[in-house]
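The data blocks that follow each hold one structure.
Next, two complexes with chain A in common: one pairs it with chain B, the other with chain C.
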Partner chain A sequence: MAPKKTKKSKKDDSMIDFVEEEVTGDVDEGEFEEAEDIVEDSDEDEPPKKKKKVVKKEIKQELELTDEKLQELLAKYEASKTTATKTKDDFKHLPKSQRGKALKKALRKDKRARQEERSKIRDELGESAPQKEVPKTIESMREYDPTMVDEQDDEVEHDEANDEFAPYFNRETSPKVMITMTPKAKITTFKFCYELQKCIPNAEIFTRKNVLLKTIIEQAKEREFTDLLVVHEDRKKPNGIIFCHLPEGPTAYFKINSLTFTQDLKKFGEATSHHPEVILNNFNTRLGHNIARMLACLFPHDPKFTGRRVVTFHNQRDYIFFRHHRYEFKKEGTKAALLELGPRFTLRLKWLQKGTFDAKWGEFEWVLKRHEMETSRRRFFL
Partner chain B sequence: MQCDDVTWSILNKGQCAYKAWTKPKMFCKNEMNLTGLCNRASCPLANSQYATVREENGVCYLYAKVVERSHYPRRLWEKTKLSKDMNKALEQISDHLLHWSEYVRHKCKARLIRIHQYLIRMRKMAVRGNQKKLIPIGRKVERREKRREEKALVAAKLDHAIEKELLARLKQGTYGDVYNFRQEAFEQMLENTEKELEIEQEVERDDPDTGETQFVADFDSSDDEEEDMEDGGGDGHWSPQETDSENEEEWQHEEEEEDSDDEEEDDDGEDEPMEVEEPPKKKIKKEVKKKKVVKKAADGKKKKLKKRAHVEIEYEEEVEPRQRVKA
Partner chain C sequence: MDCYIGAATGALKGALLKDNTFENLNEIKSLDPKNDEITSMIWNNSQQTEILIARMNRDLHLFDINQANQTAILTVAGGTGPIKGLHKTEEKIITCVESGELQVWSEKCEIISEWKCGTGLAVMRGSDEKPEAVTGGMKNLLKTWNLETGQQIWSSKNVAPDMLGLEVPIMITDARFIPGQNTIIEATKLHEMRLYDPRAQRRPVKRISFMENPIMCTSLTNKANQVLAANSIGEIGLFDLRSKVHPMCKFKGQAGSIRSISGHPTMPLAASVGIDRFLRVHDLQSRKLIHKIYCKTRLNQVLLRDQISILNENKTVTKKEIDEDETDYGNMTGGGYQPESSEDEDNDVIDNDDVWDVIEPVKKKKKVSNYMAVAEKIVGNDDQNSPKNLNLKKKNVHPEENIKKGTLTSDKDYDNESVRNTSVARNAFKKKRAKV
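Right, the complex of A and B next:
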């Protein structure tokens, strides 16, 4: 089927070229030759020229027809975008309470039908069809954020070369993570901590034992931990993480949403001890970059590719989705099959603090304030 | 006209604003209550001689009322500041309530001790500074966030995004030598197969001619001797004819394939030190891998065949428009 379509489109191309020539009035041979390479190649003597003219006239007739048709189709196409065939007057036979629903349903059906009609017209038009409109999604209509980071931004690069995570990215430190929880944590929180330990290599779990966070931070610094995760719980379920980069790095608080343990997944695999790769998707703003760098610091530098483990932090509309997979390339590296390994959860950044954790005197770099900041659905910060 | 029994009977059986109905026992909400229970002995309203201990801003006071002052509501309670030292405070209580009922004296002391305990705990917590701050959770906000999260999850197309990223990394060459199907090598292989295809087509055209000449060279020596000689020579020795040279190329390709096989085997060899613990299994694995390699090669050939078919179609496509234009 494919080659046939392309032929059609080629026809259309040649037709369009001719139409343009008509408009200009005199037909230049050069243009003509451009349109039809093979005729040009054949000969440049006089007799073939006559032949050409005959050919031209024939094709012109065809073209005029198709031109009209083309306009007609285009008009039809535009019309099918706007006009709805159903109105609310069509449902007057129904009781008032059902009219709205019926109209909505009919309009939906109508929309689908018009979509199909348009696709048919597109097929007829071939290459001369108008461009498809880009669908309006929340992502594509996102409000402009002045801190959006471009690929090459010297200022940002300079900042990032000198921030708290620079030692990790310069390979001066290797990550060592301490995981702890609220005092008197319940079993699900412990379970969550063990799941985290499974995902993050070189992580150790300590029970809190009612020790103050500040003293924990001091102790962790002494033992050369690079990161501290404190899992908070509410109604016996983990509901938040304080993520503190040590020794002087920033502190972030994430809310945990929709947590699914490995055992509750429909299909899951057993995690291996190889160092995983990390995927950080969609962290675009300056703040997002910082968070992404912070998250990257949890994992060792050189992932073992033979383990085929991958940990993903995917940011979509300020929700950071955590996933843990084992992958396998199939079909000679054109596809990747995924098997889920670890827990699933969603993080939502609530605040970011400069320095290590200090609830009273800490300097907040960023705090999510609902009334001031959530003014629009299309405004995102990460 | 103080009559405790009448008061109690009214409060107990009828209405009392301080009654708190809870499951195991009835409690009293009156702040002057000594025990917090609702009963005859500890009711501050139905006892005209009554005493209690209260804490105000960390300081304990002994409150006592007697029937003589019952008609002066303003001076009803006698308030005595208790010492911060608990033992002294206990002595104070026992002095003040010297001839009172044992029940009241005992309960006042118990209450004082309890108050001191919670004061100590409060001070400790204040010093340690690990006070929890309770933050209300907006139910509607929560619901909205949940819903937005669901929508974001749908919009994220996570599996697709992850797969895309992984494939991009593979293409970039992040994985190095871990995988054999590097994209460049794959594309090269494709190009090679295309070349082979063209060559083969030409070979098919040439074949009948060469066959004829061979026959002529062997048996006929009459008509075109020169040509015959050339052709014969061509057959006997190495000649610069197209077909042979192309055959050479094919040979080279096969050699390359063999080389690549060797490389794979070498890779296996590199893996060996990693699995030193199990020597007997290793050989089996190796054999299996070899078989796999052979299979891969076979698959590759099949693919080549498929590719040939595709290219032929393209060839037709190129031809047709020319014909049309000429006509």
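Right, the complex of A and C next:
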């Protein structure tokens, strides 16, 4: 929630273009709030501002603690973690239809109170405070996947060195992308294609004009295109994208979710023509690796760092979040400010096919079978 | 090792099911997938100590399991495309490439004979019983060849045009002889399996459709009439070639196309590999997934050994089950399905003579006519007469007449009539009461 607050405060002085954010890794996780709902709140996620206070108080109180008091405080700390003060019996005076709501509200309030209590105890304890628990999220409790790629795996390395994307990574080919759409595409689809063209350097848009996809692929191969993007639409809105690597495949189909055009963003900038940097986050399984390599193939090899332009594909729970930013380092490189440039959308992989597009006779490397494969909420494939 | 797997990178892998692990049997780093991809793999001898491996660059390698070394024996020349089929008879090796050149090699790797079986070949498989091979492919109908003379024995005929009168495309992906039956099973991209009987006709004797995606491979199982097939999105089906219900069961959980299945000849087990990079072993009886091993690369071929490490422990149990099943089948095919044999009935009758005496007169009566008997009974009842039956007495005339005409079908109708009469009487009674 931290970045949003700063946004509002900065809006008043409109001279500043950038929104300040803390740098955590490559891109702030706070940006991707859409999929971030925590399973069991372990009461440990407090806003970062409080951390600083803790540090200051620690020094003062270190000397004052005795053993007895310490034990007492620790016991109190543990107790405040588990016991809720309100139960459903407290609301018997209310009519039945209101009890649940009231209980929920009370519990939430209670939780906050206990959280504050604990933070106070932490302040008192100082250095000897117990360690904060890692929040239990769906991701952190992810089911074991044997295909998770190790860093030092000769066989996977050998496999990747010889796959369809190897020529790009060996710098033998440079990307040339063709963007097309469904026949008789409507205006939003065209708009989306132009937005894509803005993000991907060296991309050309062609109207489909009722040409078969297989013949398009043949012609694209002749003209030495390396990738083909086909935007599908439903009810006049883009809903899917076929991503075909040329000349040998593979082909992937993504569903497009929660698309926001640049114009609809609260604050946006103009994209420059510099080659962007590409960030691919959390593609850990073998399938995820393949998809990441595929996405990387869209962009030219050497990013122009002077442009400070970055395209992000962030995978979270099998949804790939696409973002397009310009960044600026602030405060001698300790902080980075981000300005969003391009469209926002989310991709979800539906199938991956070996070879170029051939939905009827082709061989599928991976297909999402909804009820067969989704055995658990904590099972992810990318 | 229980399973030998040929990968698309050219690696030969051995999987040990007991430990759920696999091992590479050749050096990986020196492999070049464009030349070394394993396209076809068979056992070289019946003891299963040697494997014949065909590679993308059409080299044939012999892998010795005991010594774990690989030797190149020959390179197929002529024609184009990779080796699509391998077969080994006692002294000969038969290879077939995509463009249709079928070659018979002697033990010393010299060509004995060569002939063409048509372009676009997708599969060539030999028979274990006869010196025959079956070929088929894209726009290439199923044919059987005599391997000694090189002559075509039989060729299939495409199925009849579809409902629009259009020709059905020929897209064969796999074909197999079914041992002991002289029949051939064929898998097509049109998500259909076809069973041919060369003795009977050129068109298929049976067509089995399976799901909606192209069928990629088939396999035999431990039972002669059961066949496994898998399609391009990883659905595996178990089929009984005699039944009308297809498939018998479907194995779920595979993410990608299955390239090869290998059934165990005596146990209800089948190993399958595909481009989703997993080796899976299914139990065909309990229909459960027993083993799932991640093998890191796309897998093309699998061979399951007869002697498997996991079977030594529960060998006795599984064998018994199979025996029982087979005897069941024997009964069914021998005399057809009979709920109870006639001899048993006779025995019962002899034991209970009294019962027999009681039953006989009833049977005689039934033979005359059911309705007549009922009618007689009713008349009999009327003789005894009671005031309640007065209504019925009048109606009695009707049923007898109707029976003769054949309009009334059962004595139930008669009962209904009597019921109606009583209800009419009751209504009249109610009306009277109302008036009062």
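The rule is short, and it goes like this: the second predicted complex is superposed on the first by the 317 of 382 C-alpha atoms of A that agree within 3 Å, B and C clash if a C-alpha of one lies under 4 Å from a C-alpha of the other, contacts with A are read in each partner's own complex, and residues count from 1 in each chain.
We adopt the following convention: a contact is a pair of C-beta atoms (placed from the backbone, for glycine too) under 8 Å apart; a residue touches a chain by one contact, two chains touch by 3 or more.
These numbers come from a predicted model, not from an experiment.
A.B. asks: Put chain B and chain C onto chain A via the superposition and say whether they clash or fit.
C.D. replies: Pair status: fit.
A.B. asks: Mind working out whether A:P135 is in touch with chain B, chain C, both or neither, as first, second, both or neither?
C.D. replies: Neither chain B nor chain C is touched by A:P135.
A.B. asks: Please work out whether A:I279 is in contact with chain B alone, chain C alone, both, or neither, and reply first, second, both or neither.
C.D. replies: First partner only, chain B.
A.B. asks: When the two structures are overlaid on chain A, which partner does A:T306 contact: first (chain B), second (chain C), both, or neither?
C.D. replies: first
A.B. asks: Examine A:P95 and indicate which partner it touches, taking first as chain B and second as chain C; both and neither are also allowed.
C.D. replies: neither
A.B. asks: After superposition on the shared chain, which partner residues are touched by A:R348: those of chain B (first), chain C (second), both, or neither?
C.D. replies: In the superposition, A:R348 touches chain B alone.
A.B. asks: With the two complexes superposed on chain A, say which partner A:W366 touches: chain B (first), chain C (second), both, or neither.
C.D. replies: The answer is second: A:W366 touches chain C but not chain B.
A.B. asks: Please name the chain, chain B or chain C, that touches the greater number of residues in chain A.
C.D. replies: Touched residues of chain A are more numerous for B.
A.B. asks: Determine the nearest approach in Å between the Cα atoms of chain B and those of chain C after overlaying the two structures.
C.D. replies: 6
A.B. asks: Which residues of chain C touch chain A in their complex?
C.D. replies: Per the stated touch rule, the residues are 9, 11, 24, 28-29, 31-34, 171, 189, 213-214, 216, 232-234, 252-253, 255-257, 275-277, 294, 296-298.
A.B. asks: What residues of chain B sit close enough to touch chain A in their complex?
C.D. replies: Result: residues 128-130, 133, 141, 145-146, 148-149, 151-153, 155-156, 158-159, 161-163, 165-167, 169-170, 174-176, 178-179, 181-183, 186, 313, 316-317, 320-322, 325-326 of chain B touch chain A.
A.B. asks: List the residues on chain A that touch chain C in their complex, please.
C.D. replies: 146-147, 153-156, 158-159, 162, 286, 354, 361-367, 369, 372-373
A.B. asks: Which bits of chain A are touching chain B when the two form their complex?
C.D. replies: Checking each residue of chain A against chain B gives 3, 6-7, 10, 36, 38-39, 42, 137-139, 210, 212-213, 257-258, 277, 279, 281, 305-306, 310, 312, 314, 316-319, 321, 323, 325, 327, 329, 332-336, 338, 346, 348, 359, 370, 377.
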